[in-house]
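Starting off with a structure, shown below.
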């Protein structure tokens, strides 16, 4: 007998869990947008566009962190190249945003400005169809998925794991970064895409659009969490963690780890791509430095700080690290790198389960005493 | 085409891709000659060192065979060859009459009905005992199924049967990593049983067990023989004596002697290998 | 034609005027005139060829000629020498300006000085001057050259001079002269000769068919030689890049390859080595300036020890707690690398620091077939061989190496045999770090030294080690050389960016095919 | 159960952090005028941009010491976009919407400027951009105090073609692969063609950022140069790659007298980290050199040296001034003048008052902001590198020349208006 999907979805969290989820929705999707849109600027409770943009960006990062956690925390596969999927998703949607500029660019041409100065006469083939938002949304999913499947298939089939895998993912993102830095590649080189005007005819700088994107990011994060929660509590999740802990045992039980890893890897990549697509219109630029190896490593530290193999941990980690970055790089720009560096060291040495793990440990200690 | 095969195909498992861990009824193994495993002239060398040197061995259906031999005799390499972990440089390995093990991957071989227990007990330490067994259960092992699989009553029944058999009834919700060494050995054997294999390969199954546990293991293996075929690699001669009728002695990658334990123990070459000159 | 006349004058009568003062008007034109006037003054002075005139020209060429109102002077030790009188000026004028010259004037100055140099007593100076002439010879130098050929005692230099004469003779109105010049140039490997010969192929320029045919033949042989030297130069640059990759990766081959520590701070250990070189240079400048040329040699042990020290500290404080957890090690060492970068930035500033190549690492050496190779690259290739030998001896011929190998193969057993495993880990990591420091010395000589310099090498270094096969020093060497040469050939063909991408993709695919690298250890223990 | 607790904890922590972020950002009106400084103090661009931050702070302190603007003191707000382009936009938004600054001085790379542009347009901010750039842009909210291509690249090439510059006939256009070199080379190519240089006499090459192995390219240049005609190299190589490039050039025996190199991105600050021996005689084109001799410049240099000493900047005893620093200095002073003319810091009024402002600059000229196109009139100097890392000025224009942000050598630009689009 099969349980209907609705019941199974409801069973992902218990009652209190759903209340908490409701709280998240209330704050991220209702309260903050309202405070931004409805209040006058002078009000002490007014939430400025800067805060909305900052939190919106971090929501996107949180999606990436959860996606990373799926593959690293649950699958034991540390990718140092997740930035590439994020950036590809961003570029895919960025192509639509560039086309949507229309004739309002500097050269008032059909072509993107950077193509005009390269003397290109027409869009190259891989740009075709990107003037339609639907096609570019397809690309947002399909391009990271395609790359993830091809790369993952060969890597997992060759049983590349552990550090080897990490290193070749790093090489992959590095290669992509170099490729996208080239002007001839057709994605604007170092400048990337910028100066977006509108989505579906709505100006991108309008408060409504900003809040809409912000809410969409929050919603996507929520859906990502639900999806990952479903995955890790299903038999799929159990096999995935089993592969992490004892891959050969899994094989001798008759499971082919290749497909499990590949599925998790591809889902993770697609989630990153979606996050990238949400990120680009909110920050207003996408350029190849998003693919730099350092960025991808930073994703890992969000996950590690929050707590691996928990789903809320990475979200928390993304918020902690990025808010700290916003604060430190203004208040103590000289010490930001020390802070980030020691975060890496302290978390790996003393907090193997991240902040959530620490919290749990502290609380159980307090309980034991009382 | 036998009716059971058709049925499976209709359920959509007939994908031609050999990479899939298909659910194959192991009655598909052709046992017409009563032999379940047949190794012929298997050679494996690592950088010039021959781990297996033209090894030839056959196991009958339902047999319980013990393999003994000093360190480096090639016991583990042999198991690697059978389970697809190591590809032999030459020679052939057949499961039943028709299945060429040298051309299959580990998951395929496992799905065919060969289960393996490692030298070091390997269980999923961060899963509960119940989950360990549930993962081992003979079911469709593809991703697609795993995404919608549910723990139903049938699963629970099967698991609790096995829990009883391996005497871990009270530990179902415990993390496997918290079990004692002997309990882990049992859990791993239990996982093999959940797989319902035709052939079980057991690498030092009683290492680290108490005498009491060892005794019970011997009983279990004897009860399994007949419906399953077992290949046991073991150093504990007392244990070997208590379970096996036929013993194969490996040395330097070759079969040195074969026969009852008494017989091989008296063979001069075996004594030489074990005791040195 | 002016020059020609002046040169003659200089050669014939120059020495008579020794000791005389120089014409004040001439010197002032030199100092204050417009470019055209300056050039004329230079030619006049070159024609004089007195020691005083030469000194003035040399000072001008070294940017060491000053003007202060009416005085034009150059420095000789602590003294300011008046360019006109040749007498010391006291007191030394306080506010003075350099005499500014532009490239056109400088080029004219060089010609004047290099013609003088053809008669220098030192053969090495003459050889250099002759080589310089080959690339830039003008017909009006013929008389000087003829004279120089007549006086030249060194056969090699004579040959060079004759080639220069032949280049001039290609333009001669007499067909026979042209023909012999063309034939002489068969042995040339200067691109300049190639251009001149190409002109002679054109019937419009060369009416005599025999000359044309000879030119064709000579051109072919010059072309072959140039193509050969081109290919050799490319291989050399590949080897050079390979040696740099190897130096960058060798330390990692020990820490990662042998010990299995994923050290993302490896690039920063290179940086420590490079900064140690910088500090050594500073020390020499301050305390022992006369030996400044040797600072790079002195920096070798300093860099080794300082990087090793940093390595030991990292190992003792962080890495040792993470053995057996490679992914955590990776993250922790990445954090360490950020900290080290910021340390360098706070200590030395965000700017790159200045390192001077000693003279034995500047310039180039001329080889047959027109091949000339830069000294710094040759030195670095030699240095990489030295480091390689050092590592090989340490790992294979010492007790330390034995212990390291024992510990990495079977820690428990080694411990039982009385090997102090903890200490060995520290020493081995320190050794790997020290080797990285040596790599830093080499990098400091060809590239920037700044806080971020290490980041650029980390991906490359890992590629080399992984491609070579973990645990295989020989593998790392071959991988570095292979990647270096391959990358140079690809670069010539598709450009630097695509070449790099191709290499990365190649390494990724290669690892998929052979996860154990070029030199794989096969066996049961590989997977475990 | 476990999941639920995680959730609550996470939510609580997130909110706490978000709230602290909000609180930190509240701004108060005071008797000061806030001025934003948006330069990378960390990351790859810190090398160049830190000096601009210091120049801006110095200039502001100087203005404050002389009575401030409109009787109010200027209050600098320094933020660090960390060489991260999206962060530039975020920080710009922070400056404009949280700190309510009257004006922002900042950016170095073109991509950082492109990244902040939409923010300045949306929030109607005012940006002063102090670095030479590729042109092809004219925004109402931006004043460009660096050079447009016609104020740097074209005069430099004209010089190379002149008798004094060596009369070059063949050109290697060598650059790092990004927008500035690409556009500059596109303009130069068109310019060279208009001067009768054949296509086959132009070689264009690009290297990636941070490229450090120039063996192949130098070999190519050497071959190209050996094919007969006088060759010159126009280098738009950026930042770090310059040292390996010049070292290789020196080792390859290509001397400035044979194949001169003129660079547009090598200035005094860049030469500080360089062994200048192999560079002596190479050329650079700028609108200002530290070695210029005039009283305004002497005052400027002295002021900066004193500032460096007072604030203990790294290597304070050897600080130098350069072109973008001068442009920053000019920009801040011109903004002050415009505010005083407008009587307000209101962005629209200041923009209207900027046109026609003039200022006695350290380059020795009275230079003015163009009435229409938001660019400065600038003199052009060609300098040769000296051994001490300074430049000998070997050529200069008669006076300041007007900027052409829309280069006439790019097709279609003739239709461009020389004024920014109104709001």
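So that you can tell them apart, the chains are marked A, B, C and D in the order they are listed, and the count of residues begins at 1 in each.
Rule of thumb we're sticking to: a residue touches a chain if its C-beta (ideal position, glycine included) is under 8 Å from a C-beta of that chain, and two chains touch if they have at least 3 such contacts.
Bear in mind that the values here come from a model prediction, so they are computed numbers and not experimental data.
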*Going by the average position of its CA atoms, which chain sits the greatest distance from chain B?*
D
_I want to compare two interfaces, A-C and A-B. Which one has more contacting C-beta pairs?_
A-C
*What chain sits nearest the middle when you go by CA atom centres?*
A
*Could you give the separation in Å between the centres of chain A and chain B, each centre being the mean of its C-alpha atoms?*
43
*Counting in whole Å, what is the centre-to-centre distance of chain B and chain C, each centre being its mean C-alpha position?*
64
*chain B to chain D: how many Å between their CA centres?*
71
*Which parts of chain B, given as residue numbers and ranges, touch two or more other chains?*
85
*Scan chain D for residues touching two or more other chains and write them down.*
42, 177, 206, 208
*Using the touch rule from the top of the page, what residues of chain C touch 2 or more other chains?*
345, 497, 500
*Given the complex with chain A, which residues does chain C contribute to the contact?*
262, 264, 318, 321-322, 325-332, 334-339, 341-342, 345-346, 455, 458-459, 462-463, 466, 497-498, 500-501, 504-505, 507-509, 511-513, 515
*chain D-facing residues of chain A, complex*: 13-14, 16-17, 20-21, 23-24, 27, 44, 47-51, 53-55, 57, 106-107, 114, 117-119, 178, 181-183, 189-192, 194-196, 204-205, 229, 283-285, 287, 289, 306, 310-313, 315-316, 319-320, 323, 326-327, 329-330, 333-334, 336-337, 355-356, 359-360
*Residues of chain D touching chain C in the complex*: 42, 44, 46-47, 50, 163-166, 177, 205-208, 210-213, 215-217, 219, 223, 226-228, 240, 243-244, 247-248, 250-253, 256-258, 260, 269, 272-275, 277-278, 280-281, 283, 314-315, 384, 386-387, 392-395
_List of chain C residues in touch with chain D within their complex_ = 35, 63, 98, 100, 102-104, 106-107, 110, 135-136, 191-192, 194-195, 230, 233-234, 237, 240-241, 244, 345, 348-357, 362-364, 372, 374-377, 446-450, 452, 456, 488, 491-492, 495-497, 500
*Touch list for chain D against partner chain A, complex*: 1, 3-11, 13-15, 17-18, 20-22, 24-26, 41-42, 79-80, 82, 84-87, 89-90, 93-94, 97-98, 109-111, 114-115, 117-119, 121-122, 136-137, 177-179, 182-183, 186, 206, 208-209, 410, 412
